[in-house]
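Chain naming follows the written order as A, B, C and D, and within any one chain the residues start at number 1.
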Amino acid sequence: MSPSELSLLPKLFWVVVSVVGAIAYGLVIGGIIRKVMARIQGRIGPPVYQPYLDLFKVIFQRTATWHGYMFYLGPVFRAAGAIGLFLLIPVVFGDPRFDNFSFNGDLLMVMYFMFFGCLGMALGAAEGGHPHSVVAITRGLSQMTAYELPFSLAVVAIAAQTGSFSVHQIVAAQQGGVGHWFLFTNPLAAVAAFLAFLGMNMYSPFDIVLAPQEIPIGPPTEYNSAFMSAMMSGRAIFGVAKCVLYMDLFLGGATTILAAIVKVFFIYFWSIFVGAVFPRFRTEQAVRFFLGWPTAAGVAAVLAVMLF
Amino acid sequence: MDDKIVKPEPPLGGPPQGSRPHAPVGDGCFLGEEMKPQAPSYKEALARIKNWFRANSLWVMAYGTGCGAIELRPLATARFDMERLGIAMRPTPRQSNVLIVSGYLAVKSLKRVIRSYEQMPSPKWIVALGSCTINGGMYWDSYNTINRLDLYLPVDVYINGCMPRPEALVAGFQELMRRIKKGEADGWRHYMENLDWYKENQKKIITDWDLPEYNW
Amino acid sequence: MKEILKEIEERFGPIWERVQRPKLAQVGIEPAKAVPLLTWLKEHRGYVTLVHLSAVDWIEQGEFQLTWLLGNPETEERLMICSRIDRENPAAETVSGLWPQAVTYEQEINEMFGVSFPGSPRQGVPFILEGWKDIPPMRRDFDTVAFVEKHIPGREGRKHIDTRTYIGEKFGEKGYLHD
Amino acid sequence: MTETRERSKEVQIWFGPQHPGITGNMSVQTWLDGDTLTRGITHVGYLHRAFEKLMERRLYIQSFPIVCRICVPEPDTNEWLLASALEELSGLDREVPEKARWIRTLVLEMSRLGAMLMVLGGHAGSMGLGPAPQWMIALRDLVLDRFEELTGGRVYHMYIVYGGVRRDLPEGFAERMEQTLKTIESKLPLIDDVIFGSAVFRKRAMGVGVVPREWAFEMGISGPVIRAMGIPKDVRKDEPYEKYAELDFDVVTEEGSDIFARAMVRRREIQQSIDLIRQILARMPKEGPYCAELPNMLEWTIPVGQTYVRAESSRGEMGYYVVTDGSKKLRRVHVRGPSYVHGVSLLERLIPGTNIADLAPLMVSLQVCPPEIER
């Protein structure tokens, strides 16, 4: 199935729709997270639409601080990385409207974009000059390299199993029933990738970047007003995009919008439920964790695919 | 050092003064054509929408300046749960809107509070807790605590008591929300317009002034 | 406690002494012998804990009293060593070599009373106050009310202690609806 | 030259005063090399209200509203210390009725329980564990409810006065207290699971912030910090005050002297406090006066004297050094809080070599309470 089934203008229209939809859904998930966390903590919690209020409020704030262009470009890079990541992954398999710009070999691009957003953010935040940002960036980059290893191994294993680096092909290979999902056909890769997902999502125990009790609050320390809103929407779409990617890689993609929404929700909440009851790791403990069992599972997955 | 207050006090946002001009209470057609309520202009409507968003998402700076901070914990946690009102704690001044001055301020603390306040992006509000911020309270004769906060920073809502109960804090926050929605809570604007007066007062009490004129 | 007081008297000459409680005794000694006594108590008699170091201003006699409170963790006895120094240019020997935490106490007393401890680190470094230009505030002759009236503007208090009169004056007779 | 180069590698970071991880309004100026702190200086004075100066110009009875504000989470220890010091100096302590002594013990133990609940939550909260502090503070609120019923105030009580307490126990207080204790006890296993059962908490807390045993007596360390070293020091046993001599309890000790051991001491002392409150309520006399006949408080003078009284607060040995001069006002009062040693000398000695992530848990485990340092 070629991605150019629609002509350019309708395609652009649907791209915009899906990006806006992803942001909206990401914000709603953020609200549900806050609600769920509040319930775990025995509180009522904010309304589900609270992230929308926060988002619009920060847009309506004023600022006159100046930290240089790179500082301002940080959230833009982050949002661009998130949108780029999202646009490369087919959201609904077989639906040309939500197929986005999937092409052969896009999995490599996807990996690149995941790194790109964080790096851009790091560059911008370092420009703010706050020591907490700098400390957080070193933490974040070391954790990122650590979780990237099991994740890459899992992706390599799956690519080798499918024989293709296209997300589209990978989704296509999983069609035909729950039993064909890579979650079950390649459980080792799934273990590696889902453990890496915990680090990727930066909820506790791996929230060492934001860590309000240690380095409040890391890279976003100096950001406010519209930049803050760019970061919030970037974070929303990034979270959804990661979940969509995992859905495509392990849960057989989605053939309807509803299936996509449900699967994204469950993947997202895997990290929330783990995070609800754990304190935070120290940096070197987090790195050691990712280089331990997740990496071993990833290596085993690759070997298993190569051998059998 | 001249010890009298230099200028006549400008009207302050807080309830103790209450001198801000309000709209007439009973405005209606029978009061004359000029008093007839009119549809808000585009700008006013936008301002109202903005204020509504602001009022429903208050981010409080996590700075326990005094002993009132101890009642912020029950307020933030399971029993009183301020997050259900959209009030959340933010760890950095760059992202907060509300500064809670929780009780007395030592002079050394006042310097840090001023700095934190000025780093917050506008619009921003100050909620002052306890009788110590109103008139010095228990520490009126202490050489190291200020007796009246609104000489140094614009206070939007005072919550009295020593210490104010969490219920009082909730009521205070609801009052703040009401004022924000009506566009009355503009202490930050007052601070900007009367910056010289505030700075003069601040420099009088902070003897080793080494801050910039405005801490961006 | 009696034995240790007797021993101190034998070794360090005449002292003022008093047993306040079964486990708390007070010893008054001249300032020159205070630190040797503290050293001896710490090294040989098991009073290894410096519980606190404090100063009292006896302005009428023109003296500062320094009080070292030592604790014996084995018997849980407390020994209060008091020593009076002159109020003019007050100085005392430091015990920061014996107890590391004494640095903080001496720093604070230096700031709050103006007693200097030559040889102690952090002397003259502000600990609690910032930009203080008046006389040390914990001295008795520092009048905090006068200071407040001079430097810290407050809100005008009400003239009457009686609430009803005050409200009546401020709001008129309608001020109190619930009589 | 080498030193300059060494120093230039370091980043100076202010930990506080505006910092969510700091325990109260204080700050630690630290130097960071990589992820490790090389040294730190404690800065206090942000909360200095000159309590000691103000008490010198208040009547004895007027000092009570001031004194309880010295330590916010646990005000009753301060009230009791001032009351007992002045009772000792004036000779009033022989007239304190039996029931008042029991009620005072009850109040002291309740305030210990409340403070301990909050700090154990802080242990978890400083490591980013969300639910536990929320639950703990909600539990503490139940204790505050009982305080409100007993004294009229949630946080500041001003309940202990010279010669006894301000008012009698309300009717049915024991039953409602028992209900509260039952609620707290029923939630404790859950908290055990979340905090002490968590592998991440154990990894973070074990072997971190170890206080060497040699420092224990020389520095005057007390409270849970010294008990976590395995040294059974507790003022309630060493110099029993009020009714603690008649109560049946053991000093809680743990081995390891790290953050985990201190948290464990606090966890077990919560249980101990609950047991003690039960004992007190069971053995308290039902009838009798709750306050001695007092002289006219406006004209009350106390002869010349000085004394030092101490009590076991949740943080450690809290002491008052009180000097009277025969007048109607105090000559001098010096508040010796455990945080004075823990928060300045000990913390500054522990900081070199600590990971920056461990500073907040370390401060919580030492239970640094800044108003006590600067008063």
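Going forward, contacts are C-beta pairs under 8 Å (C-beta built on N, C-alpha and C of every residue); 3 or more make two chains touch, one makes a residue touch a chain.
Since we're looking at a predicted model, the values are computed, not measured.
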Pair joined by the larger number of C-beta contacts - A-B, C-D:
C-D
Distance from the CA centroid of subunit A to that of subunit B, rounded to the nearest Å?
39
In angstrom, rounded to a whole number, how far apart do the mean CA points of subunit C and subunit D lie?
21
Cα-centroid distance, subunit A relative to subunit D, in whole angstrom
45
Chain centres from averaged Cα atoms put subunit B and subunit D apart, in whole Å, by 32
Two-or-more-chain contact residues of subunit A, please, as numbers and ranges.
41-43, 212, 216
Give the residues of subunit D that touch two or more other chains, as numbers and ranges in rising order.
19-20, 45, 48, 50, 53-54, 57, 134-135, 138
Quick check on subunit C: which residues sit in contact with 2+ other chains?
129-130, 137, 142, 144-145
Applying that definition of touch, give me each pair of chains that meets it.
A-B, A-D, B-C, B-D, C-D
Considering the complex alone, what residue numbers of subunit C touch subunit D?
20-21, 23-24, 26, 48-52, 54, 56-57, 65, 67, 69, 71, 73, 76, 78, 80, 82, 99-101, 103-105, 126-130, 137-138, 140, 142, 144-145
Within the complex, subunit B is touched by subunit A residues 34, 38, 41-47, 50, 53-54, 56-58, 60-65, 212, 216-217, 220-225, 228
Subunit D residues touching subunit A - in the complex, by the definition given at the top
11-13, 19-21, 32, 35, 124-131, 134-135, 138, 194, 198, 200-201, 203-204, 355-360
The residues of subunit A that touch subunit D in their complex are 37, 40-43, 131-132, 134-135, 138-139, 204-205, 207-208, 211-216, 276-285
So, in the complex, the side of subunit B touching subunit C is made of residues 1, 3, 5, 16, 107-108, 111, 134-136, 140-148, 151, 201, 204-208
